[in-house]
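Per-chain residue numbering starts at 1, and chain names A, B, C, D and E are given in the order in which the chains are listed.
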């Protein structure tokens, strides 16, 4: 593969991720609206929001780190997208792999945490403390899932994982091979997306949207972009691990939207847990299922 | 006279120089220059590090009772020595300028500090150069006493705790050596290694176990870790940076020597523990994992920056041991590389915290905050340090941890893997607390006039930060040394390239990872600046539920930073763990009181007595 | 049941000779009491007659008499009747005893009365400003404070005089504004 | 807001920090503030700060005619304005010795219960939102809107109806109103099952709300708690039943109680009362056609109405607790003094301050909403 | 009292690049289609906002969404009377919002004090203290009216007419004067509007005047902490 080809992919992958992410956000808002018995926002609403926020004429910053934090948050995800193979494009998936991706996905969190910390707002700091605690909670089942998949397919390379699944057809999909791990991952999914009942770090009624509390204008716009990337990354990762990746764009997008629809639709019928209940929830059922699943995989 | 002798002489010269320079202004600088000289001498031996030479022998030999003591350097020694001397040089550089002056003004003795540091380096070099077990023991004792001296500069009480541990450790090691001698009839490495293959499991259990306990105390393996935190935290800043960076790794060096070189990890696998599915290696791996988890979670509760770091120092040791006992090419490379990585970021973190203490006079995380605007470079150093410590890309800590994770996946040890990940996540949590409470958040009014640390402190930090980033970008720089160490101690050798690891099923290329990450940041910056111009506002211009914030409100969220987590693990932490710690500490206090009594009254009988008891015990066995 | 209340209260209050009890209608009893006996009365009502719920404390400013009237409304869940204990204190200096140790809800009402009327209650846990923290005028509920005058001094009004209104007014119609209601 | 507030004062070393809840905070009902000192997530000290909605009602009422005040009173409590009107009208009637005709009394009961349903739908929607669950509040507010439609039809006003006047109500029900109300009641009752599944029996919500903000009966009595909050501690007290007004003594209904005294119990009491209100309204719609007569007793010219001198204390049960008016007349055309005992003035200040101590940060909003504290009643 | 005429001519920036206008129009369109309103119930009119937001009238289909903090919000709804205590918070909140920002005065009370015209505790004419983009009169206006008013605002924004926020910067002296009259001379918000106007080049002759001079007398400077290596100011103070 030529360098030019690779560079094109590296440019295209984040752009695709952003566009798909916009529609994932739209889907979330539409789903919520339908459950709440109303119409919901128009088609391009997420885009309007972001453009409007970037078009603000006065922007309030709390200092350099506030700005760098947003840059890190968005940039981390832009980088992460190039590690996620999509149909026809592998990007640099073979240079990192599953473990690298899992850790690169923490870079935006750390960036955001820096930015919020600089705002000197206790609400934001509590939000970050909760977000990191939530990360601690969901990463444990998630890491079991990653281990299981890596062990099952004998590789940490995402391209290999997809290739093996696609060779074996539907029967080789992770969901068939490792149903228990799939369920464990599914339970962790809403927490990874930060949705109810695990939405502890936004919690408007408690800490006034936590990390977003001092974010306005392009700062908030950056977070909206980050949210698009976040939804995309997590659902694509899930599709890659368990649903055989994408053979073509159609099936790929169907899978991505279907996976994302699960946490996004249950989000609206749950309140949020307390922080320690999130930990308890995440460290109990998905971990038990994950360990059983691992026992099956390794046995 | 070989290069090694020159190095040791140079090191001895450092001690003498430190002694003569005393409290003069130039003392720190002159010592630093000699450390640099040592570094040059070491660099001249870099053939060891790149596997071009297998060993350099010292010309000095001693024969006592027909027993030949000799010293030599191989790749392993060179790797550790290089880190040691570099850390000492940077710590000395860091301490030479403003810090020394302030320390002197507070009534500290720079002479003592410099001598203690130089003695530490000398002791460590002697230890690393040991050619057989007895010289190892001599080096070990040198290091122990030198460390004691450095620790005693901080807090006598905690230094005494250490001393108790160190004496127990020394006795245990001595016992192990006696047993070895009784069983093998020699203390030469090759002979021991040859004989080890023929020994029965019980003997290996005893010898290996005693050695691991003895050296593990220095390395602060669980459950022998309790002395370290408080002692390191109390040590004068640059001293803590040096100790945190490398001192404990001497234990690891010795363990690698014993377990890998003499006994062999594969041998451990053949030693099952009755009634379990575990082998001796698994036991060690689990000790390593617990060494990762418990101290890391304990660090979460600390509100003193130095203690927090010291707890992490213990926790990170677990990764190294774990990597080494996994013993495949990836894992052991990860463990060994982590020694280097850990030294870099731990030093930079301790330095940054020391810089903060230097400027504000406190390392209590509840009394700091918002210092970024006043000490941006120290912030940068700490940021890079914590990213390394947390093991996130693009810093070097990620590479070594990645190697460990990868080897655990290949090895098929999900629970160990889970343990390491818990450690990493716990680290992320507590380092965020560290940087948030120090540099982010509300700037306290009394700190509004604080300045950046002086250049003499900032430069070493920046240098180390650069090293952390560079070796994260091009891990091949360090992996080369690591590979020759692996070859030297008989481990499978890692296939590496400049950017990381080639592997058929999932490699790592940090050059790409970091480049893409940087490109991502660049694009994000472009996106960010496509938005309107921003204006900075004062921290009181802040959302407070529509309220007016006033200068007398303290709204920095600092204490009990992760209450949700503590609601869950807090009871465990408070009851069992803390009580155990308290019990041990009070026992220690008692013992150290005894020890200090003997020490003051000059009763060597204590040591003799213990020695005799242990010797009798082993002989009877 | 209710008819029994008054005799029972009479018996209870026999020892207090300066108390006047009056049954207004079923479940509503008015007791007039001098200010120095009120705490005793309330203690009796609460301790002996199960009037445990303090419904409200009302203050009335009788500026012509130079007095504040304090009305304590207490309710009994058992006998299901409400006693209003009326007492009067001099307007100047406007200091009275708190009944916080009998009825905890009193803290809120006393604080409110302190704010609005300037009556100070000794022994009340918190006499700091609560609602009018950013008000530095006189206690506004006192009769001598004229809110309308204050408003006319401090606020301006949006003029709204469209042409059509002027036309109507020219014809003699429109909004009739007495001189006393004219706003500046 | 004053310049000296920005002057340098050094911070004492402390593990606590201050957090301002409100006035601009989604965890606060209305325009109200709450300043808390926190360590970690544990509230050490809480101070209520009111007055953001202060209009000086009681002062204003002293300056207006008896009849003009009718327009003011509902604005004291925005989500549940009808009890205010009824209570004030009753006070004036009491002073004048007027008696509202029976039909008017039934209409008042109808309106009170309609208002109670609306208020409860609003309240538990708000409570759900504090735990992060917005769907019940979306549903609740939309269903409340249907009730407001009926209000609009009956009175012409959606929120502030000003339907009651001393002596009765302004007009009779429109044609077909009772049928439409009955069908709305059927609809609401059918919706209850949905609400149960979504909210009241939601395990996550129960986990969130159980044993939070516990108010024992002894404490509740000591702190002067009234209304649903008191009933949630197991004491079956209801002004409607135990100090009856209007025609409540002719109506069958249960006083809903729960034992827990926590957020969950308070919430369930409201749910039970919603059902009871539907039951009362069913009785009203059944009985009302049979009751003949005027809806208003004759009153003198309201613009020159001198109410006889005297004083009275009237109470009604609003959706938030015991509402009382103390009205003093000196025989003039304006009241001499009106004192409003806002039903939640006790809950929003003292009870909340005490319950907040030792509570967790995440539960503050929930406790406030479960007490159904209504700030305008505190501020007046 | 004669009211000062504070309307400002809308300056049409001269642009040579035809695309710039297209871009501005796109931005105005996005602004009109995405309005984040501040979740701040200042008065009783707030009770009609939940119906307007929720299932029945569903503001979100117009892109209107409640937001929690002033930083995130675009429109500030003053729902009803503002007591003086609230008005201070409202002004601070308004100043914390990022421009372009719009103020909507809901209910009669914001127009002229409404039924509380007698009250000593409420401010009467909102537009004396804040630049109001649109009034929605009524006591209280129905949700339909609220939405209608917001649609009106939307069309104003789309046409680039809703620029009251510029008025606040350009006539700051006038607004500050009214605020000082009500709150006293030592009134100060944490946001430095004059510096902000200067930073964004929104300053005019009427930005500063005698009232801002009073402010500067009392003002404690709240300059942002800039990241710096040496603390020159502190040294200067010591000398």
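Rule of thumb we're sticking to: contacts are C-beta pairs under 8 Å (C-beta built on N, C-alpha and C of every residue); 3 or more make two chains touch, one makes a residue touch a chain.
Values in this document were obtained by computation on a predicted structure and should not be read as measured data.
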item	value
Chain C and chain A - chains in contact with each	D, E
Identity of the most central chain, Cα criterion	A
Chain pair with the higher count of C-beta pairs in contact (A-D, C-E)	A-D
Most widely separated chain from chain E, with each centre as the mean of CA atoms	B
Centroid-based (C-alpha) most distant chain relative to chain A	C
Chain C and chain D, separation of their C-alpha mean positions in angstrom	21
Centre-of-Cα separation between chain B and chain A, whole angstrom	35
Gap in Å, rounded to a whole number, between the CA centres of chain E and chain B	56
Inter-centroid spacing, chain D versus chain B (mean Cα positions, whole Å)	64
Per-residue multi-chain contacts in chain C, two or more chains	132-134, 140, 145, 147-148
Junction residues of chain D, two or more chains touched	1, 6-7, 17-19, 23-26, 41, 51, 54, 56, 59-60, 63, 138-139, 142, 379
For chain E, residues that touch 2 or more chains besides their own	39-40, 54-56, 68-71, 85, 88-89, 92-93, 96, 118-121, 189-190, 196, 200, 222, 224-227
Interchain contacts (touch definition) - all pairs	A-B, A-D, A-E, B-D, B-E, C-D, C-E, D-E
Residue numbers on chain B that touch chain A, as the complex places them	369-370, 372-373, 376, 379, 383, 387, 390-393, 398, 402, 405-406, 409, 412, 414, 417-418, 421-422, 425-426, 428-429, 432-433, 435-436, 439-443, 505-509, 512-513, 516-517, 519-525, 527-528, 530-537, 539, 541-545, 555-557, 561-565, 567-568
For the chain C and chain D complex, residues of the former touching the latter	27-28, 52-56, 58-61, 71, 73, 77, 80, 82, 84, 103-105, 107-108, 116, 130-134, 140-141, 145, 147-148
Interfacial residue positions of chain D with respect to chain A in the complex	17-19, 25-27, 38, 41, 128-135, 138-139, 142, 198, 202, 204-205, 207-208, 360-362, 364-366
Residues on chain D engaged by chain C in the complex (per definition of touch)	1, 48-51, 54, 56, 58-60, 63, 221-224, 226, 235, 237, 242-243, 311, 313, 315, 322, 324, 326, 328, 336-337, 339, 341, 345-346, 349-350, 378-379
Residues of chain B touching chain D in the complex	364, 366-367, 444-446, 448, 540, 544-548, 550-561, 563-564, 566
